[in-house]
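We call the chains A, B, C, D and E, going by the order they appear; numbering starts again at 1 in every chain.
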Amino acid sequence: MTDRIARLLPQIVVAPGFAAILFFVYGFIIWTGYISLTNSKMLPNYSLIGFRPYERLFQMDRWSVALENLFVFGVLFILAAIVIGCLLAVLLDQKIRAEGFIRTIYLYPMAISFIITGTAWKWIMNPSLGLETVVRGWGWESFSFGWTNDSTLAVYALVMAAVWQSAGFVMALFLSALRSVDQDIIKAASLDGASPWKIYIRIILPSMRPVFMSAIVILSHLAIKSFDLVVALTGGGPGYASTLPANFMYEMTFRRNEIGVGAASAMVMLATVAAIMVPYLYSELRGKKHG
Amino acid sequence: MADSASFTPGNTGSNLALRLALWTVLIVFAIWFLLPAYVVVGTSLKDLEEIRGGSLLALPHEINFSAWRHAWSEACIGVECSGLEPYFWNSVGMAIPSVIISTLLGALTGYALTKWKFKGANLVFAMILFGCFVPFQVVILPMAQTLGKIGITNTVYGLILVHSVYGMAFTTLFFRNYYVTIPDELVRAATIDGAGFFTIFRRIILPLSPPIIVVSVIWQFTQIWNDFLFGASFTTGGAQPIMVAMNNLVNTTTGVKQYNVDMAAALITAAPTLFVYIIAGRYFVRGLTAGSVKG
Amino acid sequence: MASLTIKNAVKRYGSVEVLKSVDIDLADGEFLVLLGASGCGKSTLLNMIAGLESVTEGEISIGDRIINDVHPKDRDIAMVFQSYALYPNMTVAKNIAFGLEMRGVPKAERDTAVLDVAKVLKMDHLLDRKPSQLSGGQRQRVAMGRALVRRPEVFLFDEPLSNLDAKLRLEMRTEIKRLHKRLNATMVYVTHDQIEALTLADRIAILKDGEIQQLASPEEIYDRPVNMFVAGLVGSPPMNFIHAEVARTDTGYGAEITVRANGTDNSVLLDLTNHPADLSGFVGREIVIGIRPEAITQTGSHDGPTQCFASEIDVTEATGADTLCILNWNGKEVMARISSGYARIIEGTMDFSVDISRASLFDPQSEMRIA
Amino acid sequence: MASLTIKNAVKRYGSVEVLKSVDIDLADGEFLVLLGASGCGKSTLLNMIAGLESVTEGEISIGDRIINDVHPKDRDIAMVFQSYALYPNMTVAKNIAFGLEMRGVPKAERDTAVLDVAKVLKMDHLLDRKPSQLSGGQRQRVAMGRALVRRPEVFLFDEPLSNLDAKLRLEMRTEIKRLHKRLNATMVYVTHDQIEALTLADRIAILKDGEIQQLASPEEIYDRPVNMFVAGLVGSPPMNFIHAEVARTDTGYGAEITVRANGTDNSVLLDLTNHPADLSGFVGREIVIGIRPEAITQTGSHDGPTQCFASEIDVTEATGADTLCILNWNGKEVMARISSGYARIIEGTMDFSVDISRASLFDPQSEMRIA
Amino acid sequence: APLKADPTAEVLHYWTSGGEAQAVKALQEAFLARGGSWVDAPVAGGGGDAQAAVLRARVLAGDPPAAVQIKGPNIQEWADAGALGDLSAVAEAQNWDDVLPAAIQDIVKYEGNYVAVPVNVHRVDWIWANPEVLAQVGATVPTTWDEFNETADKLLAAGIIPLAHGGQPWQDATVFETVVLGIGGVDFYRKALVDLDMEALGSDTMVAVFDQMRKMRGYVDPDFPGRDWNLATAMVMRGEAAMQIMGDWAKGEFAAAGMVPGVDYVCASTPSDNGYLLNSDSFAMFNVSGDDNVEGQALLAELILGTEFQETFNLLKGSIPARTDVPRGEFDECAIKSMDDMVAAAEGDTLLGSMAHEIAQAGAVRGAFIDVATAHFNSDMSSQDAVSQLVDAIKLAQ
């Protein structure tokens, strides 16, 4: 009997946590899915009305803007964070004196909440308060940095602040991967006549595919979850030019008494996440039987 | 180290130019990263007069910590003029148990999933991992209902529960990826030596885990400390964590916006996480190498 | 009593059959080596004995006790792993004592036991070090110590030497052999190094794809391999396989091969008359003659009945004590081993003596030994 | 012209002198093996030749050209690494072609070159695979291909076989040897496996702590090691060192040792008279007699002048072709090697023949060979 | 029977800024003075954006706060959901029916019973102007929209920001509704913004409204997006800008800075034909359990609508009392104007609920209005497009 328990112990240990995840993640997703098929307004309401909330969702201009923004924001944010993180990692990898110090500078934004990040950049991007005035004061009269105040630029302001916060983390990821690259490969490439630049471009970076994957997964999770940053930096504005789906969902659910539509938008977000994550997880875990 | 300079024993001339370019880029980025910190710190040390008169980027004329004192112990948040101090301790009281619980849960789960592979372990892991990606706005309403049912709404326990559960997705990822690199033979040897599941965990696995514990703790602490949404939704008034109080404080203005107090408040709020990153950042990078990179 | 009996053991992972009906019967104190290529199921079998993997079918017993369902810790077995699996966070002393501690042996007793074992393994001065501060050989010794201290009935070794360099491997091999003599415990030892197998084993079990090919003494395996797989696996440099047709001769049987000498291919009749195998059924058919390199050597060094003929040396390789010569027989490479003194003098064609009585004959279809 | 000359090369890392004035002069087409223990500076020297490490002092030239300051890619050197250092993201074909591509060779030309090399190495069917899909031996071959395709003047190998298992190592060794014969390129080969060194080299340089101990042909090194370090490093099982005092005898010189036989220690006088070394200065002093195991063997198998006496066998180890016997001389272990036929019959005490003319004598103080 | 507990009330509100915070403080002090125990639950930000989530979370958790600052149709909806308690007892004892104007009663009553307590009445359609700045271009506060545009152009020419504005959606909507009221008139406002008459929403008048909005956009400085309203007010105070269109809570900021109406600043209704856009804050009383909480609610209700508190509170907040019988003595000229105008508007049936401030509309419909108003204001969308978007959005939101 005790032997039986001993043999089942791993399952027993995993069970509470897994049960919690099942309930708090999957249970809630199912709940949300259900609600997204109801006419819930102020409070959840459990009588089904079919896909009407989704129809309404996709007719809303605000939602198209949010989706479009997510696409622009997500792609640019992930690309920029990876490019900058990668660049910094490669540069820091050149036997830099004071590497630890510089690395800390690059990494510290990770520690700061999006609320503070957003607020700080809001101040800096404020045309009359921030950088713009300063630079113009130096004599560069046409300098313009008021991205948050321009409907077309606001989403780039979000990208910039988000990249500011995450690039250091990506840099850390890449740096640690660079450190574990086989030195002989570099020597071999150098003997083969490749310049240092070529060695990075052709050999080292392509061989770090798993790190790129990890970085993309982590960054896309940040992108999809981005909410605080929008609230603090642009407030979704000007107008709703820089809202993201998470903000849309919040606005619908809590401000507009449209819980059904909010739930529908949440389900669309989750489906997006699943579309990225499931293939990734599948390919990651399949080959690791002996893990 | 992927050092390329040593490949060119000659050519010191172009090397110098390269080095210069390299440092330029590094410094430009350092400035970019430091700019907000500079603005926030600088402003928090100025008095209002100076803020109004000078530019955002100017150095403070004289260091003036009154804004800090004000934000810490005097500023009004709603009708209570207690400063951030009580909320700071709220956050501490919430973050520490949440970090401990989620780290422990993640460690145990990661250990069971890698070293005692049972049927479906990978599926369980994948399902837990997906929890990382659930936008928190989605779970507020069902979570509120649940907390209400359990009867821990508007308490620190509610927040601890929430953070532990959603944190566990991340910590499990970290620990699992780290434990995959620990040879299974260690567990086998210990099994033959007569150690059981928990003994092996406590005596063998846990002592090997500091690098990843550091990563997990830093990550979790940052996430939990910086959380606004859960804190704002599931607590009110005196029970709120500092991030919410800070937000309230920054939005509590009387006539003139006290930028210096706001910035000081932001700094006080960010201080613990900054401290953790600056002190333990090196271990963070090291732990990343050991763990999640391979994910 | 610590005999080890494996009856009909089968291991399946899902639909993959990793071990197919393995039967092994070990007497108390016997030293069995499991030899086989990578992935043939050696570790799996060992893990099944240790209780780290379940037994799909069949029975494993130690003494009279069937242990299929006994927990590893209660099997009275110790195991040494390829990677040593030392607990990195514990000192050497703690590593060795851990098994005793888990079994509730009091501290004082543990300490003496550890010290005893450490003395036997000449590492009592290392007891306070952490594994990371040890050299490969020292780590290996700690792993042994951990197994020894518990005085189990059965020792299992999973390629314990493969992480060591050649020199150390030699040393540790001798040490294990000595230990076995002293303890007289039952040991099962996994390796894919045939030299290790030959030098250590009382009996060797040769595994291929989860099936035992031959289970016999090292001499038997070396001299009388049951099939071409075993013949090719054991022996370094490996046995030469020469395809030839059996013909009846005046005195009995023979097989004609072509041997390149002085630039031309000459026909040579290998005399199989004195060979113990019954070739009556093979006249006019092709067989495979397996001759080990050391059975083809300079003239005047064999004891038994030999046959001499000249052969051209393509390449020589001096390995120190011996020199390997690559000859050309039947248009294929054949390796001969001569003593080093010769190689340095002779290049080109020289006379070789072939001890055909020590050759193994195989049926090319079934690849089985012709008895 | 692709001779390789290293003059007085020194390498320092900060204050640590890793290489101390190394002098090597290689003729075109010569095969040099650098042999030495781990950390003795083998890789460092190779990297300096390749241009991957700077030269602190001294000169390295290929042909007439001093290459100290030439960029690696312009040195016309190819290198094969222990870890193979294949580019994991490229196919085999791309891996091999990369060096050509970097040198601006047009695609069509590259493709033919790659195919040629692949055929030579029998891996034209693998060209589209990624390194991760290859076995160890195949990877090794790709690494070779990458070096070959560029037809450089000098090949460098840094322990290219140490990641392979014994069998594959043997195969690849032969392949490298054959390649060298075919290409007749200058090759420098690093290893710490003495068998590899002995079989491959035209000349061997033995390194210890950054200093060359002996630079000579394999025979010279095996038979006439300049010091005890070299003697102990080369040969497996290693040379036996027997400490004994030189005495004048009727015919010349001798050294008395005690040999355990039939349970008692008997005194035996080893006759050094026929030994070429000049022992006049050593009478009454202790010397070290280095005898290789194969020089102590069953009676009747030596050609030269031998000496026979009985000795007790402590342990035997059958390694297949030969059997190693551990004897007890002067209270210490001495290893003898006999042919396998004997070992299986004889246990206890038997007669051994010792070929003392092949022994090396050393001064125990300086550890240098007595000429 | 349980001992009579101390009255306790948890008050969820978003009055964290300026005069508002002082006003709440006054209420708290009064409550404490009556032996109550006040649990403050402020959730700052965005006119209750953050508070909305908290409230829903608390209600779903079955643990609502005692009093929550909500208003307009939201009260009806919460009541409809069965979340609100009944204040009839207090109301009757205090004669609320007699002292509250009908328009206010409509807001705080559900099915004839009081479920919320009105705190104040805010007028939304105000212009706050800095007379000195206006004088620089020889202007006074405009009384028609044409005049407004003229004055603004002059200010612009003089390098002065004509309109201080914060680019948050609700502020955009505030300007929008005053323009609707001004350009379209009272009836048009009622049809379009209250009754959601599609014809009115799609009419040329609405096009004209958006044309005016486009002009307004030109009168705003480039830094306006995301600016808090009180910072815009400060711009008027400091003379950086000439005018601000904002509800009378802006007056709290002037007062807090020690400025005197008619001297340091002037208040005037935005141009319209006697329209009055009403905004009223109120505390909805949620179903709570426990005697102490019920007591607390009653006490709070009584205090809030007490003349004394109505006076102090509204003096601080800048609004006018919800009840009509509060002595006017202490109030300034702006407040008095507001009181007079409200009485007149009520008589002339020109008293309208504010759309932007959730009196006329709540939730989805208000959101739809705001979306279009802000989208138009922050882009170069044509008025025609804006109108058709508005029609679509309102249809979708209903």
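Here are some notes:
Keep in mind that, in the parts below, contacts are C-beta pairs under 8 Å (C-beta built on N, C-alpha and C of every residue); 3 or more make two chains touch, one makes a residue touch a chain.
Just so it is clear, the structure is predicted and the values come from calculations on it, not from any experiment.
Steps from subunit A to subunit D, minimised over paths through touching chains, total 1.
Looking at subunit A and subunit E, the chains that touch each of them are B.
Listing every chain that touches subunit A and subunit C alike gives B, D. Rounded to whole angstrom, the centroid-to-centroid distance between subunit B and subunit D, based on C-alpha atoms, equals 56 Å.
A separation of 15 Å divides the Cα centre of subunit A from that of subunit B.
Subunit C and subunit E, compared by their mean Cα positions, are separated by 91 Å.
Residue numbers of subunit D whose C-beta contacts span two or more other chains: 51-52, 72.
Along subunit E, residues 53, 56, 60 each make contact with two or more other chains.
Residue positions 7, 140-141, 143, 229, 247, 250 of subunit B are each in touch with at least two other chains.
The residues of subunit B lying in touch with subunit E in their complex are 76-80, 140-141, 143-145, 147-149, 153-154, 229, 232-234, 236-238, 244, 247-257. Against subunit D, the residues of subunit A that register as touching in their complex are 182, 184-185, 187-194, 198, 202-203, 206-207, 209. Residues of subunit B touching subunit A in their complex: 1-5, 7, 22, 25-26, 29-30, 32-37, 39-40, 43, 55-57, 105, 108-109, 112-114, 116-118, 122, 124-143, 146, 165-166, 168-169, 172, 180, 196-198, 222, 225-229, 243, 246-247, 250, 259, 262, 266, 269-270, 273-274, 276-278, 281-282, 284-286, 288-289, 292-295.
Put simply, subunit A touches subunit E in their complex at residues 41-44, 56, 59-62, 122, 126-129, 146, 148-149, 151, 154, 234-241, 250-251, 253-258.
Subunit D contributes residues 165-167, 170, 173-174, 177-178, 192-195, 198-199, 218-219, 222, 234-238, 292-294, 301, 303-304, 315, 317-322, 324, 326, 337, 339-341, 344 to its touches with subunit C in the complex.
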